[in-house]
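Naming follows writing order (A, B, C and D), and every chain is counted from residue 1.
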Amino acid sequence: MLVEHPFKRASLEYVGGKYSEVIISTPNGIVPIGRNHPIVVVAGPCSVESKTMIVETAQQVKASGAKFLRGGAYKPRTSPYAFQGYGESALELLSIAKEETGLGIITEVMDASDLDKIKEVADVIQVGARNMQNFSLLKKVGSQEKPILLKRGIAATINEWLMAAEYILAAGNPNVILCERGIRTFDTKYTRNTLDLSVIPVLRSLTHLPIMVDPSHGTGRADYVPSMAAAAVVAGTDSLMIEVHPNPAKALSDGIQSLTPVKFDNLMHKILIISQTVHRLV
Amino acid sequence: MLVEHPFKRASLEYVGGKYSEVIISTPNGIVPIGRNHPIVVVAGPCSVESKTMIVETAQQVKASGAKFLRGGAYKPRTSPYAFQGYGESALELLSIAKEETGLGIITEVMDASDLDKIKEVADVIQVGARNMQNFSLLKKVGSQEKPILLKRGIAATINEWLMAAEYILAAGNPNVILCERGIRTFDTKYTRNTLDLSVIPVLRSLTHLPIMVDPSHGTGRADYVPSMAAAAVVAGTDSLMIEVHPNPAKALSDGIQSLTPVKFDNLMHKILIISQTVHRLV
Amino acid sequence: MLVEHPFKRASLEYVGGKYSEVIISTPNGIVPIGRNHPIVVVAGPCSVESKTMIVETAQQVKASGAKFLRGGAYKPRTSPYAFQGYGESALELLSIAKEETGLGIITEVMDASDLDKIKEVADVIQVGARNMQNFSLLKKVGSQEKPILLKRGIAATINEWLMAAEYILAAGNPNVILCERGIRTFDTKYTRNTLDLSVIPVLRSLTHLPIMVDPSHGTGRADYVPSMAAAAVVAGTDSLMIEVHPNPAKALSDGIQSLTPVKFDNLMHKILIISQTVHRLV
Amino acid sequence: MLVEHPFKRASLEYVGGKYSEVIISTPNGIVPIGRNHPIVVVAGPCSVESKTMIVETAQQVKASGAKFLRGGAYKPRTSPYAFQGYGESALELLSIAKEETGLGIITEVMDASDLDKIKEVADVIQVGARNMQNFSLLKKVGSQEKPILLKRGIAATINEWLMAAEYILAAGNPNVILCERGIRTFDTKYTRNTLDLSVIPVLRSLTHLPIMVDPSHGTGRADYVPSMAAAAVVAGTDSLMIEVHPNPAKALSDGIQSLTPVKFDNLMHKILIISQTVHRLV
């Protein structure tokens, strides 16, 4: 599954040459993510809540064109008293959803001791924003072969983010996707974070690594997701991560930023039009 | 030139109803800016530097489709020893460029005592980011009839920005355009500011006032302007402000963020495609 | 009243030599503010509300050891519908309070056209945080002779702040006091701003200009003012600005950050002990 | 070593009652840290570099009055190519320094699998700013008995910080010290971070947990450490962490923010005067 990596000290010292791609095997076939490929959409709920919920969501997002299902088994929550995810049993439900739909699976690792279990089901392993500088974890996900989705820390500079990627690359794993998910600024009244879309052209000029944008965490409000998703596509992102929940009002976590499957389907039609007419235009 | 204003305490208490538009008379005809109109592009140099420079730039941006010429006569510079703009003589050059091209003129006021001179040539008067909470100036531009372009302060919350607009509206001038131009965050290595495109859907849900985005100040780097301009259009902005300079390397101010006329023309072709296929799509 | 100024391009290029002092004539005598003098305390309400209120407050803060009375006549308020200050009639009340107590007067200018009226009563003229980069105003206060209290903008870098001071110095007025009043960061739940006390040693290493700290705006909460005021003294500030209101719960503005006269008196006793034992110690 | 804990959901729901203390056994005797005790100083180098270096530094900081030696064995570094600490062999050197001086030892854990080794020498285990929301690690240090020094994340709100402490408390370990070490803001030209001393009164009003301030990381510059250390004492901190290196210019990490032993000794004399005259005064 590893793509041969043409760069030394890859994340930071890239100054030209080829863009790299992360090529992922899913039951439905090979999916490449990168500068020279069509946009790839990852969708699904913040947390895996039940078998019905995750399987039906998977079927719906697949029908709308998503290639990957996201779903949290281990959840990083600010409060220890908040829902922490269903852990191992959630991984089993993701496995069932994968079998039913053939979608690739992306889920987060919070503790290196869970890596083996997660690798059994996940096609891409997410390192979350809060762990972007958990260097022990970065070294460990770097010394195994599954592709890594590395979310930007909430106050991480672009240099720090690329250096976090470098930990993974330096440990031997060249398959890193960089995911912008909003940064912390002085204004949090209307948006949870400030989605920094300028990272798209900035990263393009600095690194060969593929780019993903998560407008769901980036804005924290379902109403703002479609316009920011569309903007990210036009600005040149290689992939999108969108939260979709069958019933956002009853979600165990992050319902306020989740699209319904119907709204997601609507967005996917628009993204299709946009990506056919203007993706890679600018 | 005033549009009848259907709202009370308009900027903040809008919860539905009609979007307002700012209708501007230019020698080339009426140009409306607002939710129900095609995108309008304002272009030109940071500072007015000479007659040849401003007239030729005006002709070029007009040929590419811009409706307004921007150009600074009075420049807010961090250092008192930096070029402060050519003032009154720059206003005269803007007047010549207007005559030659029929473009509308947008220029900044820094001191209320310059308002009368500026109004003779400007069709829209800009209040810059540093003066967004210069309440004396807001009251004065609110008590005259020219439309106002109100740039967001570098660390202004959306509420503070709308309240600044409210000062103008409350003083009797309903014609305010809100211009996002990047906010200050913790990372300034690659971009001068962080362009906050999420304000587009946020403002749409809060206010009827028209929206402009300035990706030139927003990113501070010419290379990043095209993708952010395109993203802003898809996200739904009503207008764009783009810095264009015939020779950015020799600009008296802000050359690093200015497009050449050729690059601007190229961008305008792409914006045309984007706005025809996907503007107002999301 | 002007002190001879030993520096060229004074604010920024200082790399040694003498610290400057601002020497202010008040009815009670000369008050110098600077590195080689005892700490000076400015106190009073956010806004001048009535004759009784301002005169009694002046008497109380004088009895506690304050050398200057602060009080707003022209108030920069986020909303145009909030109390805007009593303007000229507030200046008259400040004049009465000055006559009654002999305290020096500090009040803010928001509009250059008010300068002449303000100069009749004020011994120090304040340029507020929102106008720190109102360069027209800076040039005007720089071309008159009253000392200027220049508050740091809410997101101003130290360089920008010193450059704002430079506008005043370059216009001919060497008497500038730099006032830290809190910056805007990501956390505003418990404090209105983040008081940046590290500017004290930083400014000491960069500029000869005297330093003031305003823990009232800096924290936005009366409970936090005493510890931050004391910390500022130990860190080496030359002066303090403290909001005091006879009845904070009924203040027309900023009551939540105002000390009662009794609490202010208590704080002044502690500041006396601190400044006698440890001011200039570190 | 555990202090009986009088609070439920201790970190956040405290609204009165007793302050808690963390009582630490060191070879030199019991050292309590908390609101009702004298200030405690932790000192030492960023990284443990050699036996001579760490033992001599320990002897010097002990002679100056420090009760704990800090020293990094496992170092969280932005770049994977930077010095990562000497790991286990550094722990052995800390053990020797402890034996030679009787000082308590504070060192950082980055990976839960190192906990057992670290616990053999450390009297207090540090969780660093980058791991403040590494919830797996928080749960693990919460389920063992050594006291924890919890550094504030670089962009952590006070609520998030207290909730991180809550993870440790909820797992059964009541001995948490909260350490402010500077936050990330828009200005990093003169200071590495912005030391937020207002957390001292804020935390006092919210939580019973003891407070430490680290002006070395907080400012990033040795010159600014003394004034900020002194300010923290006057503002009421319970303890300080100060970086001391025998030869800062040759330090393997963070030399620029380290005091020499002589400068540290000088600072300790001043802190003694300050704490005797004005600590707990305000």
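As a working rule, contacts are C-beta pairs under 8 Å (C-beta built on N, C-alpha and C of every residue); 3 or more make two chains touch, one makes a residue touch a chain.
In this text, all values refer to a predicted model and were calculated from it rather than measured experimentally.
Trainee: Along the shortest chain of touching chains, how many steps lie between chain B and chain C?
Mentor: Step count on the best path from chain B to chain C: 1.
Trainee: So which chains are sitting against chain A and chain C at once?
Mentor: Under the touch definition, chain A and chain C have B, D as mutual neighbours.
Trainee: Please tell me whether A-D or B-D has the greater number of C-beta pairs in contact.
Mentor: A-D
Trainee: Could you work out how far the Cα centre of chain A sits from that of chain D, in whole Å?
Mentor: Chain centres of chain A and chain D, defined by C-alpha means, are spaced 35 Å apart.
Trainee: Would you mind pulling out the distance in Å between where the CA atoms of chain B average out and where those of chain D do?
Mentor: The separation of the two C-alpha centroids amounts to 49 Å.
Trainee: Where does chain C touch two or more other chains at once, residue-wise?
Mentor: Where chain C meets two or more other chains at a single residue, that happens at 155, 159, 184-186.
Trainee: Residues of chain C touching chain A in their complex?
Mentor: So the residues of chain C touching chain A come out as 155, 184-186, 188.
Trainee: Could you pull out which chain A residues touch chain D in their complex?
Mentor: So the residues of chain A touching chain D come out as 9, 76-81, 110-112, 130-131, 133-137, 139, 154-155, 159-160, 163, 166-167, 170-171, 184.
Trainee: Residue numbers of chain B touching chain A in their complex, please.
Mentor: 155, 157-159, 183, 185-187, 189-191, 194-198, 200-202, 205-206, 218-219, 223-224, 226-236, 267, 270, 273-274, 277-278, 281-282
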